[in-house]
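Labels run A, B, C and D following the written order; every chain starts at residue 1.
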């Protein structure tokens, strides 16, 4: 079973040379720590920076330089700042190559819910609906089950949707899956996790074809 | 050159009234019009609608207006940082319209540019699309979104000149440029106010034509929400 | 009767303090020469400058600094450059206070034609359709009649339209007129021109109320 | 940092084919991609559609392609400077779509930003509106206009860095920024190509994400159409 850093590590393998990548808040943010350093990539943060760098040293902290999680950051050489309209132009116009974000639920048709629990939690969708509405390549990073032990990979989402039929791939603490013919297809197992473990933790339909390799991270 | 300067925040907010709709720049607490917000608190304008990506925190930014219950309705994309906000919303005291961040930005930009409506894929198939026209373009469903209408836009810029030309800094730029000229009256507070000719015309982010009033802010706290260091 | 400079001089009186003004090619360009210098104004040129100044001295000429008529210009202190999308945002968004442009024909309902003579002349509308489609305040600068002596102030336009019901005021070599109830209303006569002269040169319906003063320029 | 540099104009135009649709920056002869245009002439690509505000003059800019009859269709707002253009158009050799300049700019910007369609008042009641949806907003009729689709965008910038970040100069900016990223492949020629970090990130006009290929132009003639002096 993977921890959050393990999930981030596995997702980092999906990042290809020349990719512009948008990282959501939470586990996705950790992905930046594990990308091979021999590939060229740039991180976009939708509040208005391309070429986002690591967190600043104490003396570098600048209130006018934050990421979408409101954390202080730095800008790398070749970075640029822009307004919110242009930022979402990059996203809507499919100039960003890869979007990695968290989810409360994913359905087997690729629907995703991650912004609202009616009557309980209403933080808002932020940029998530724009991202999932346009991105060609969306990887969800999440735990396979919630705190109550219920599956987050469902036949249909029960929570208000963020986007429809948009998720490309899911990396959880148990498995890597993609979506084919409106079903989850199991691609890899987490170390020490059996196909049965994954089957048990997945409420949605699961395609299991041939031997499912253990992921190498 | 058309001079847009006013002497202070009091003059800048002349005409602000109960029941009006305001746009406020900023993302989180970065690039928010601190001085104008404080003046709104002081004037105690009531029943206002605020178009702002976020709602501040409990004791800063728009949180100050929320605490005094001056806000009737918030139009935002993310309000997770503000507990009082969540309380007022869940209890029904506060009317809230949550919309995708990119749509929020584009609806401001549409107002600024005289585009009454446009299509976006964001929010298709979700609550956000309810009651809106859906139309396919290139085989993909999009929803129609309309330009915002607002009475005042409150903007924070880094530098500005007397002609109203503006320059923003870093990610404090965010929604500020797209809200300039998107309301009937655009009020800008700057950290530094310079003479015309001191800003390079090639690097002006927002030309003065989008600005009605500009003043040097008395004080900028620039609070940081998540101070994160190596 | 006014010459081109006279028309420009009269129109210059319409420019108010605090106005952003877009000047079309031809007579409108001359207006800049006659605006009172005690009022604040800025000229917008739709190819991407606000705060346009006079023509440059020979040694100041810059290929990267032209106006909408492709003439070399200068930029005044407080000027700014921007792209075509923002430039027409200023126009479409009604941030420009006054638009002055030429016309081949104006109709009594405020229609204007100035971009095409089918089969003969097709230069294109440039920014004119955007300007007349949005501007609140449109003054047409033109000769009252064409070279053949036919009226250019018509019941209906015969040429392809540039915009509908948009013209606010017309300043010609003979008169100043505005548009009321879909008719031309005569406001002022050019020096030495009688109401009858104007009546004769105007094909469209003309409202003549009371004494029509001679313009003072 | 993602490196976008190519060695020269030949590499930059790899993949250009007969029958394609091109966007070309520039207003008049100011800010046109001179080097790419010359390469298009050299390659003798045929039957192309060009989206460009103007069509050059008889012996410069897009006029060079017109003279060689490489252009099947022009989409422009104003073509008055080019006699050969008018001749080909009136004789029916050349297909021409004339559209309002602001609509031209906004249709590029829409393509860049993933907005499939928008509404504008420009052209309502004219030939331009024929066959287009008309709809009232705020009591005023508007027409629906769609984003352009193009294969290549040819752009001229003043300075650029290896990451594809661009800065334009003066009114040579015009249509160049809004065409970046509005076609499948954006090719940029710059007067000066610098290392990443040399451009101030706060004053980049177009971030490199909108650019696929960048090169230093061999020569810029920068011809002036109307040299006007005091």
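Everything below uses one rule, namely that a contact is a pair of C-beta atoms (placed from the backbone, for glycine too) under 8 Å apart; a residue touches a chain by one contact, two chains touch by 3 or more.
Predicted model, so just to flag it, every value in this text is computed and none were measured.
> From chain B, count the fewest steps through touching chains until chain D is reached.
The distance in steps between these two chains is 1.
> Let me check something: if the centre of a chain is the mean of its CA atoms, which chain is farthest from chain D?
A
> If you average the CA atoms of chain C and of chain D, how far apart do the two points sit, in angstrom?
The answer is 28 Å.
> What whole-number Å value describes the gap between the mean CA coordinates of chain B and chain C?
Using C-alpha averages as centres, the distance is 36 Å.
> Report the inter-chain centroid distance for chain A and chain C in whole angstrom, where each centroid is the mean of the CA atoms.
55
> Name the residues of chain D that each touch 2 or more other chains.
In chain D, residues 106, 113-115, 120-121, 168-170, 202 touch at least two other chains, as defined above.
> Send over the residues of chain C in touch with two or more other chains.
Only 49, 75, 81-82, 85, 88, 91-92, 134 qualify.
> Which of the chains touch, listed as pairs?
Applying the touch rule to all chain pairs gives A-B, A-D, B-C, B-D, C-D.
> Residues of chain C touching chain D in their complex?
Going through chain C, the ones touching chain D are 45-49, 54-58, 61-67, 69-73, 75, 81-85, 87-88, 91-92, 111, 115-116, 119, 122-130, 133-134, 160-164.
> Help me check something: in the complex, which residues belonging to chain D touch chain A?
1-3, 111-115, 161-163, 165, 181, 195-197, 201-202, 204, 207-210
> Help me check something: in the complex, which residues belonging to chain D touch chain C?
Of all residues in chain D, those touching chain C are 27-31, 53, 76-81, 86, 89-90, 96, 98-106, 108-109, 120-128, 158, 168-178, 205, 222-230.
> With touch defined as at the start, can you tell me which chain C residues reach chain B in the complex?
18-20, 40-42, 44, 49-51, 75-82, 85-86, 88-96, 134
> Along chain B, where are the residues that touch chain D in the complex?
Result: residues 106, 110, 113-121, 137-138, 142, 146, 167-170, 202-203 of chain B touch chain D.
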